[in-house]
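Going in written order, the chains are labelled A, B, C and D, and every chain counts its residues from 1.
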Amino acid sequence: MNLHEYQARALLKAAGIPVPDGEVATTPDEAEAVAARLGSAVVVKAQVHAGGRGKAGGVKLAANATEARGHAQQILGMRIKGLVVERVLVVPAAKIASESYLGVIVDRASQRPVIMVSPAGGVDIEEVAAKTPEKLFRVAIDPRFGLLPHQAMALAFELYDDLGQVRQAATIMQQLYRVFLDAGGSLAEINPLITTPEGEVLALDAKIVVDDNELARRSSIAALRDVTAEDSSEVEARNAGLSYVNLDGNVGCCVNGAGLAMATMDLVKYYGGEPANFLDIGGSSSPEKVVAALRIITRDRNVKSILFNIFGGITRCDDVANGIVQATGQMKLDRPIVIRLTGTNEDLAIEILRKAGFEALTDMDEAVQQAVKLAQEAA
Amino acid sequence: MSVFIDKTTKLVVQGITGRDGSFHTEQMREYGTNVVAGVTPGKGGQRFANAVPIYDTVAEAVSDTGANTAVIYVPARFAVDAIYEAADTGVHLVVCITEGVPVLDMTRALLFLAERGTRLIGPNCPGLISPGKAKVGIIPGQICREGRIGVVSRSGTLTYEIIHQLSSHGYGQSTCIGIGGDPLIGTNFIDCLEAFEADPETEAIVMIGEIGGTDEQQAAEYVATHVSKPVVGFIAGQTAPPGRRMGHAGAIISGSSGTAKEKIAAFERAGIEVMKRPADVVALLEKRS
Amino acid sequence: MNLHEYQARALLKAAGIPVPDGEVATTPDEAEAVAARLGSAVVVKAQVHAGGRGKAGGVKLAANATEARGHAQQILGMRIKGLVVERVLVVPAAKIASESYLGVIVDRASQRPVIMVSPAGGVDIEEVAAKTPEKLFRVAIDPRFGLLPHQAMALAFELYDDLGQVRQAATIMQQLYRVFLDAGGSLAEINPLITTPEGEVLALDAKIVVDDNELARRSSIAALRDVTAEDSSEVEARNAGLSYVNLDGNVGCCVNGAGLAMATMDLVKYYGGEPANFLDIGGSSSPEKVVAALRIITRDRNVKSILFNIFGGITRCDDVANGIVQATGQMKLDRPIVIRLTGTNEDLAIEILRKAGFEALTDMDEAVQQAVKLAQEAA
Amino acid sequence: MSVFIDKTTKLVVQGITGRDGSFHTEQMREYGTNVVAGVTPGKGGQRFANAVPIYDTVAEAVSDTGANTAVIYVPARFAVDAIYEAADTGVHLVVCITEGVPVLDMTRALLFLAERGTRLIGPNCPGLISPGKAKVGIIPGQICREGRIGVVSRSGTLTYEIIHQLSSHGYGQSTCIGIGGDPLIGTNFIDCLEAFEADPETEAIVMIGEIGGTDEQQAAEYVATHVSKPVVGFIAGQTAPPGRRMGHAGAIISGSSGTAKEKIAAFERAGIEVMKRPADVVALLEKRS
């Protein structure tokens, strides 16, 4: 789960990290009021779960409150990578002496949290890692012992010469690691971490990504979820216990298991089609889940054919068959459907489907080819 | 022989009275796995299916029954402690089926396991099966056949699909291992490749990867330098968009890293035959042998 | 540093451990008011840093508020092991179905925190350990991983059969371990941990000992220090940076280094005397420290002779000599003093002392024998 | 030969510019210890006494100078991290002079050291000296003499007293080790006994204990079973009351455990000659040899 910048900076601030003033606004009036209160030049920043906000025109400098109002008017409601901007953050325009990068991630290779700093801040850190790796400094944290003070100091010495700034940065690292742990993060990032001409070290922008598996035990973090900032079908899928990702193709896919779902999408592509989505109905699938899945897939008007690919293990094929029959009883299915079922209770399932007027295949390649063909014919 | 489990496996089931635990315990017993004990706190002294003794703690179960392997079906919020509890008893293999273990918990638990030399398979995995010998986890026994192909995979049903292709074309399996779809897992491809290479009953290896991380790339290097047996590979997720989690917590392309393309390229560089479709597995195995 | 029971229970309560109601009172009126508010039979408990309060008459059951007042009158001002009772805790008389013991200590043998439980609660746990060790269950906690839930559950199963109580006790163990860590404890103990007839698990009495080395970084814990409950000379010594323990003998000792201080006391005893105190002036001793030490030693009217034993290493003998000269200039030294100095700047020190009219020895045995003889002559 | 330090010792001083650190660095250099580097964050690039290079971090100091031993004089609140920092660089010996390290910090730090195989002496100790070879810590060099007695002790000045007795009667020392007065320490009596037993230049051992804990009892058992060289012992605190901390954080009789009486009895059972007074040390050594 992604947090908005304004949410991330609130967590940083609560942990003691120095963050410039600033507030969120949902209307141009509010933005103007915030800017007036701040009483200086401000930056108006779109709050959406998308990178490249600046390039998209979602981040704008305003010399005064009236200008801030104008920028907010432009930015609110704007679409950035398909997401509508519902909120802007209004912050004072900072005086910047230097820009650095500071981040903590869970690193798959070392199987540990890794803290990274770079004196090349303010740009995408992947780019730094790719182009100037000598400017990226990493320490793998032993989670049994935490981020040790001398590790933070050593990293801070890579950023600054001044001992005061080194100590400030080392303290911010400890605080950021604490936020990362307390939020159940898979990433916590300050980019840029700036120094002001007065020598203060400040977090100018913040990004936190939370491990979804942490949400059950962290209700205050889970409460930060902003469903308005997500695709509504994906929200509905999550609520129904399904895993769904919307794509641009025309073959709607409903599969049990994530690996098989990806392989099915790939096979659609292999046979010349385009998958409309990733959808995993999960292991212990009830008919209700199948109903929800069909509802979500058919809502996508790009979908021209629907493909079920079920390998029954724990998933019982008859459950899926019943779900299909149930769903098509509840809604008018206006697009062709291809069903492939094999494994547990396969025979039972085929009988259920036949009675309801559906045909069922047992071979994956055959089913995919048919679904692709149907979509192409409909287009 | 087989890998990690066999006829000497004595299994303790953590969460044996739960919905999933009880269903799969029945399945494992039917398959012939030697389930010697179950654990559910508060149900110590009872019996599962009038046969398997239930204990309050894994420690009691192991000391009473000599269990050497544990399988975990407890809910996500108890799963990481179940791993610690099993590892603390000295069982040499822990298989965690449960999905939803926070990855930060795993960073610590993996170090705990490493200190004790305990092997973990999973979490968020279907477990493993050595056809004709034992099954620990949830892989459906009826799709497997005894034989000489080692299968290792990050996914569940996709693995079943490929096992099904193998079995229906007469290729039985020595052991099939689902290592799990999470970003941090206890046993990775290389561990399994090493075991299959050393296993005299395994003649060829099928490796099924997916997008996210670089485990497949490292495994490919390992194959090139350490594996003499034929290896056939598959990578799921060629059509997955970057930055989106495809079901599995670990199946995500981060920035430009973890794509199917780079994994397939790594496989090819290492001399691994790569399937374009799951149905290609048999043809490629025949080509390599 | 010892916490009072009422302070310890406040920490437990803040951590979520169920603790019966109750309040502290410093006067009989207050005690009566608390008892009236509680509206039930109550127990009035002396708050002093001493074991065996019950046997000493410092814990009394009262059927009503008037009786509570009477008990408080008796207990307040009472001396228990030399300590004056300044406060009482008034708590409801609990209905007890079972009494257990629960404690966490830092164990020197395993070099780890150890959590201990016993179904034989309410008595001194050392006695349980000595007489019925089979009733004491211990788990060494790996501090890198903390108290693992299954470890707490396994211990809780040693106390209770009922799963509800087992889970309550396991939760209390986690909370107690958290209190132990957060307070910087060397011991945190609930004795007894009771069950009520309704099946609730409660902490009836609590004891926490804090590692003095933790206080510098834990101001809120350090603020709990109750100097009125300590020997005033020991408080003064601590404030002066000295380590001092008051004893019953008549030879006052002033030594640099804890081991040498103990060895000096032992040697006093060996030569037939009785040490009046342990006093370590520490390594980098300034004249001021010596002045403070002499003031504290001479305040003890049992002291009949004063013995300095200084082995100069980092401690400079001339510093100590200057301190003695300074102190005896400020106060009338009405008891004989024997000074032994050797090591760094020994010659300088002897000269300083001679000029001020003191003799100095260099042999420890000789000095101790002389000090003992002087004390015996004065008695 | 000697124990733990010798002419090959290359020392880095953590906290070299502090009050204690600078004073004792001078003393150690005068004694002939090879002080190769110092560390004070923010003073990297400067030199101590126009000679010893100062670094911001121990890692830089070790990589630049090849230091193999670290000594810590930093204030208490930085001490445990100084231990971690030194251990992280791979030096094989860390000597922590600083007093006041919280014992809960030590429970974790000792495990960190154990994982790396780094020896810690202290904390809250005077360090060690191998007369004529090197001194690391604060034991006054002028009271020591080269010789063949190994001294190990929990205290500081009491050790000096006994070293003084030895030297002034012609008994030089192979190495004198102050292991520290805290409840949890890195190197205990047994570690030192083992080293002295193995050291060909050590002919007899003086062991100076005190009240609190059971290290002396365990050491006595070790002497009985593993030490062939004569051992003479002393226990301070026979007159200490129970339940009171006698200066050292570790010098406290808990309940009825840790008394001088039981320690002396354990020494006697193990055949260790026990001094009644520090002045007895020479007579007892002569008796045993």
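Keep this in mind: a residue touches a chain if its C-beta (ideal position, glycine included) is under 8 Å from a C-beta of that chain, and two chains touch if they have at least 3 such contacts.
Remember, predicted model here, so these are calculated numbers, not experimental data.
Chains making contact with chain B as well as with chain C: A. Steps from chain A to chain C, taking the shortest chain of touch contacts, total 1. Chain centres here are C-alpha means, and the one lying farthest from chain D is A. Taking A-D and C-D together, the chain pair joined by more C-beta contacts is C-D. A separation of 55 Å divides the Cα centre of chain A from that of chain D. Work out the mean CA point of chain A and of chain B, and you get 28 Å between them. Once the centre of each chain is set as its mean CA position, chain B and chain D turn out to be 51 Å apart. Of all residues in chain B, those touching 2 or more other chains are 108, listed in ascending order.
In chain C, the residues that reach two or more other chains under the touch definition are 144-145.
Because contacts link the chains in a way that matches no line, ring, star or complete pattern, their graph is best described as other. Inter-chain contacts occur between A-B, A-C, A-D, B-C, C-D. Contacts from chain C toward chain B in the complex involve residues 145, 148-151, 153-154, 157, 163, 166. In the complex of the two chains, the chain D residues touching chain C come out as 20, 23, 76-77, 100-104, 106-108, 110-111, 126, 138-140, 143, 153-161, 164, 181, 183-184, 208, 210-211, 213-215, 234, 236-241, 244-251, 255-256, 260, 276-279. Taken together, the chain C residues at the contact with chain A in this complex read 144-145. Of all residues in chain C, those touching chain D in their complex are 106, 108-109, 111-113, 126, 142-144, 181, 184-186, 211-214, 216-217, 243, 245, 247, 255-263, 265-270, 275, 278, 280, 283-284, 311-315, 342-344, 364-365. Partner chain C is touched in their complex by these residues of chain B: 41-42, 44, 56-59, 78, 81-82, 84-85, 88, 108, 112.
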